[in-house]
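Chain lettering (A, B, C and D) follows the sequence in which the chains are written, and residue indices restart at 1 in each chain.
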Amino acid sequence: MVRLRFSVQLGYEITEWPCDFIFNIQAARTRCQTIVDEHLVINQPGVAQLPTAMHTDVAHGNRFIRLRANAGPLTVRYDATVDILHHAVAPEKLQEMPIPQLPPEVLPYLYPSRYCESDKLNVLAMREFGKLPPGYDRVLAIQRWVQARIGFTSGASNPNTSAVDSLSSSAGVCRDFSHLMIALCRAMSIPARFATGIDYGADPALGPTDFHAYVEVFLSNRWYLFDASGVAIPMGFVRFGTGRDAADVPFATIFGGLTSFVPVVSIEAVNDPANGFEVPRHRTEALSTDGNYLSMS
Amino acid sequence: MVRLRFSVQLGYEITEWPCDFIFNIQAARTRCQTIVDEHLVINQPGVAQLPTAMHTDVAHGNRFIRLRANAGPLTVRYDATVDILHHAVAPEKLQEMPIPQLPPEVLPYLYPSRYCESDKLNVLAMREFGKLPPGYDRVLAIQRWVQARIGFTSGASNPNTSAVDSLSSSAGVCRDFSHLMIALCRAMSIPARFATGIDYGADPALGPTDFHAYVEVFLSNRWYLFDASGVAIPMGFVRFGTGRDAADVPFATIFGGLTSFVPVVSIEAVNDPANGFEVPRHRTEALSTDGNYLSMS
Amino acid sequence: MVRLRFSVQLGYEITEWPCDFIFNIQAARTRCQTIVDEHLVINQPGVAQLPTAMHTDVAHGNRFIRLRANAGPLTVRYDATVDILHHAVAPEKLQEMPIPQLPPEVLPYLYPSRYCESDKLNVLAMREFGKLPPGYDRVLAIQRWVQARIGFTSGASNPNTSAVDSLSSSAGVCRDFSHLMIALCRAMSIPARFATGIDYGADPALGPTDFHAYVEVFLSNRWYLFDASGVAIPMGFVRFGTGRDAADVPFATIFGGLTSFVPVVSIEAVNDPANGFEVPRHRTEALSTDGNYLSMS
Amino acid sequence: MVRLRFSVQLGYEITEWPCDFIFNIQAARTRCQTIVDEHLVINQPGVAQLPTAMHTDVAHGNRFIRLRANAGPLTVRYDATVDILHHAVAPEKLQEMPIPQLPPEVLPYLYPSRYCESDKLNVLAMREFGKLPPGYDRVLAIQRWVQARIGFTSGASNPNTSAVDSLSSSAGVCRDFSHLMIALCRAMSIPARFATGIDYGADPALGPTDFHAYVEVFLSNRWYLFDASGVAIPMGFVRFGTGRDAADVPFATIFGGLTSFVPVVSIEAVNDPANGFEVPRHRTEALSTDGNYLSMS
C-alpha cells in the first residue's frame, strides 16, 4: 500500500465575464485508490461563494468541478491524502486478449481518438511489432520504441500535438509519449487509454513536481500502468482521470478570457512500513490500480 | 409517428483466420425509436452457428454484434421495422445552454475527437459565428456554412479524412459534412455528436440507398437532428449509433484480412395515416428523437 | 520614383562552433530597384575578418551572404539607399495569361511548394473563384478572401505553418497571408510568388518596423505587387528576395546553435518631389517592380 | 558507357476545351547523358498539327513540351536512344561538404519543399543520424533507414503524399521513398534532390516497366545517384528531370478535364561490349551522371 499526500494550486486572472471552468484535478475514486481526506478551496476575492457543480463519471471514477467565475483573480487549491493498493502480477502471466473476449466497456479504447490516430499507424505498427509474440513484452517493446524515438523536451509540443505529429517532430513531453504509445497499441488491436494525475518520485532533472500523463493498457482483464515517457515511477501515480486521450481529461477546460499562472504542485509519500505504507519504488511486476473486469461483470 | 422497414446486407470474402468483426448495424433502442420487429442472419457456408456476442451501450442505445468468422464467404443480413416518434419544436424556442447547466453526460461532446478537431478551429469559428445571436439559428448558420464550402463528391475522402482535411479539400460525403459541422459547433462550445444509420427519402441522384451520417446538437436539454450534408430528410433517419465521430460508431470494424462487397440497403416508409403513420417529409420544426435530459436526471 | 533609406541589424550569441549562416537581407538588384549606396558590417569581437562569401541569384536578383562564425556574439548590420521605379498600370488592362503563353521561367510558380500546397486547394479555389471573370480583379478577390478569413495575430503561427494550416487556424502574420494567397492563385493556374523585404509606411499599430512578406502575381507578362496581409503600402516595399515561398528566401538560415536577438529595422522615405522622389502612398494602379518578360526574351 | 533505347506512350481522352499540358518526358540533356536519336509524335485525329512549345531549363537540362489540345483523343509518343557515361568513385572518397563551400546553385536543395518537409524532421534526423560519421556511408544509412520503414505498396499513396505522411503511413512507391530520403538528407544539411525518368532493370515483380523516381545527393562537388526505393539499378536510370521534389518535374501537368490511360513504357539496353556499351548492373562504386561543380564554375 502507498499513501500519498499532495496539493495542487491553480491561479488565474480572469479578464472576461462569464468565464466557465471544468476542472479534473481531484483524485479519482477507484477500486484501488481510496481518498483518506481531501480539501478543496475555490477563492475569488470579494465573492462569498462561487456557484460550483461537481459530478463523477462513475464508469471511470473521474471527478469534475464546474464553476462560473467573475472577472478578477481566481485560485483553486486542492489538498488530498490517498491510499493506493496495487495489484502486482508477474509480467509473463499477462496476455493480450482476443477481440471477442474484451469487455464491452473496453472496446472504445481500440478506436482512434483526437490525439491518437491509430487509424494512420496500422501499417507502421504491424511492421514494427507484428512479428513479436503477443503479451506484456510486446507492449513493453512498444513503450521502448516510443522512448527511443522521442526526446523529452519541454515546449516542443503544444495542446494540438498528436501522436502522428510526435512521430515526425521526435520531441515532446509525457502527454506526447503517452499519445504515441496508445496509438501504436490500438493499431495492434490492444486497448490502451490515457491517464492523468500527479506522481511521486519523478526525475528532479525535469524540474519541479508537475502534472503527469501516463498510459493504461488492457491485458488479461485489467488495465496495467505504463509510464510512456519513462521519467517517473508507476507506483507513485495518483490518478485524476482516464480517457481516450488528453481531450477527455484536461486538468482545466476554460471557456473565456484569462491569464493563467503556473500551477504549483507538491507531493509526498508516507514512509510507515509498520502500518503497511511503503514509499513508491520501481517494480519488476506489472501494476494495476483498477479492478478485474471478469469479476466486475 | 413514422414506421420504417429496412434491411441491410453485408458480404465479405475472408482470406485470413481469425477475422473478428464488430458491427453496429442494428437499430438503436432509444426513448423515441421502438423496434417493432427485427431479424438478424449471420451466415457462413458449412458453419452451423458462428459464435457471436451482442451488447448494448445503454448510455446511447448503440448495439454491437461481435463475431469471429472463419475463412470463406460471410454474409450478415439485418431486417427491422422501427417506429420513430419525433419531438418537434419551433426552432425559435431552442437555446444554446451555458456550460454550467449542461448535463454531465453531454460534456464529452464539447471536446475535440479524432475526426472533429475543434481545438484547431476555435479562431475560425469565432470569426465566422461569434457575432451571431446564440440559438438554433446559429447552428443552422454553421450547417449552411459547411454546405456552402463542401461539395458532395463520392470518393473525395477516405476513412482517415477529418474535419480540418475537409476544410481544405472542399469535397466529401455525409460523414465529412457531419464531422466539419460538429467540429465547428464544439469550437463554439455547443455540444454536438455524430449519428449513423440509414434514411428514407435521400436524394436519388446520389445513387442507391446507402448508410447515412448526420449530426445531433444539444439545445434546450435535448439532442436535435441536423442533416449536415443536406441530401436527406431528417424525419426519415433510422439511428444505429451515436458517438463523438465516425471512430465511435463504424458500421463494421474488421480485424483481419478480407475482401468486402458493396453493402445492399433498402428502406420503405409505411404510409398509413389512419393508424398514425406518416411518410417522412421536410419539416420546419426542429426534431429530436431523444429524451429531455432535465426529466431524465 | 521612390528613394528609401533603411538599415537592418541582426544580433546573435553563438554557442556552438561551427555556426554557418546564409543571409538574404540585402536589397535585390532588379530592373526597377537600383542601389544608390549600401554598407554591410559583420562583426565578431576579437575577429579581424570573418570569411564570407557573397553570391547573387541572377534570375531573381536575390543576394546571399554566407559566413561561418565563431562562438560568441555576432552582429550583422546592413544599411542601404535604394531607388525604386514603379511600373503602374490601370488594373483593368491586366490579363491572366494562358498556360501556353507563359514565359518558361514563370512555370515553376504554378506548382505547389512547401508552404503553398496549391495541390490541396484546387477544389476550394474553383468553388470560390472559378466563376469570376479572369483578370486582376479575380486576383484582388483572392486577396480579399484571404483577408476576410485570416486575422493578423503575432505569434499565431510558426516557421512550419503552411497555407493549409492557416486556412484552419484563421490567424497569422504577413508570411501566412502571403502563402495562402499564393496557394490559391496557383490553384487557379495563376503564377504567384513570395517576396520578402522591408517596407515603408506599415501600420504602426502592428509594432515597430519589421521585415515584411508580400506576393507577386504574374499578369500580362509582368509580376505585380499584392500586399496579402493588407497592412502595408505596396509602393513602399523594398525587395530582398523572391522565391516560391518562405523556404526559398529566409532572412537568415542558421546551421548551428545560438540565441537570436530581435532584429532592429528602420526605414525612411526621401521626400523630394523637386528631384522626382515621392513618398510611398496607396495607389489605385497595379504596380510592378520587375520588367516585362516579353521584351526580356 | 550504357546505351538505352526506350519509348513512352501517353494517351488521353479530353473532355473539356481548352486542355493545356506540360510534359517532361524527354531525356534530359546533361554532361553525361547524350541523346543519340529521338522522335516525338503528338497526335490528335483530324488535327494536322497541334501548336506546341518546347523549352529547356538550362540549369538542369530538363526539357518541357507545352501544348494546348482539342477535345477528343490525344496520344503522345516519345522514342529515344541515349548514351550515359557514369562517373564512378569509391564511396569512401566522398565527403559531405561544409555549407560555405557548397556551390550557390546547390543551396536551394538544402531547403524544405512541398513533399520534403525537412523543416519538420530536424530533430528526428539528428537523433537517428547525428552521431554517424559524415560521408557517403551516412547517406547510405539514411537510405537504409527509409527502406526499413517504408513498404513498397502500389496505391498506398497519392499525388498529395509527402515525406511526413509516409513516415506514419509506412507505405508508398518510389516517389515516396525518394521524398522521405531527400527530406532526411536536407534535415542533416546535406543537399538532396529528386530525379525522374525511366530505368532499365527494375524488379519485374513490381509489374511492367514504368516511370521511376530516385534521389541525387551532393557530395564532394557532384550529384550522386541513390535509388531510395531499392527496386532498381542506378546504372540503368535515364533522367528526364531533376528538381526539388515531384512538384517540380511531373511527367505531365494537366490543366483541364480528361480521362488518362495507363502509360506504356518500354526500355532495352544495348549489349555491345566491343563498342563500349555494357548492360546496367549493380555497382559498388558511387555513380554520378552530372559534372563536377568545381570545374564548372
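The rule we apply is simple: a contact is a pair of C-beta atoms (placed from the backbone, for glycine too) under 8 Å apart; a residue touches a chain by one contact, two chains touch by 3 or more.
No experiment lies behind these values; they were computed from the predicted model shown.
Student: What is the touch distance from subunit A to subunit C, in steps?
Tutor: 2
Student: Looking only at residue numbers at the subunit B/subunit C interface, is the share used by both copies over half or under half? Answer same or different.
Tutor: Same, since over half the interface numbering is common to both chains.
Student: Could you tell me the distance, in whole angstrom, between the mean C-alpha positions of subunit C and subunit D?
Tutor: For subunit C versus subunit D, the centre distance works out to 30 Å.
Student: Mind checking the centre-to-centre distance between subunit B and subunit D? Centres are C-alpha means, answer in whole Å.
Tutor: 46
Student: Would you give the residues of subunit C that are in contact with at least 2 other chains, written as numbers and ranges?
Tutor: 117, 120 - these are the residues of subunit C that touch more than one other chain.
Student: Over in the complex, which subunit A residues touch subunit D? Could you list them?
Tutor: 117, 120-121, 123-124, 127, 149, 151, 153, 156, 164, 167-171
Student: What residues on subunit B touch subunit A, complex-wise?
Tutor: 18, 20, 22, 51, 53, 55, 57, 64, 66-68, 98-100, 104, 107-108, 110-114, 117, 119-120, 159-160, 189, 247-248, 253, 255
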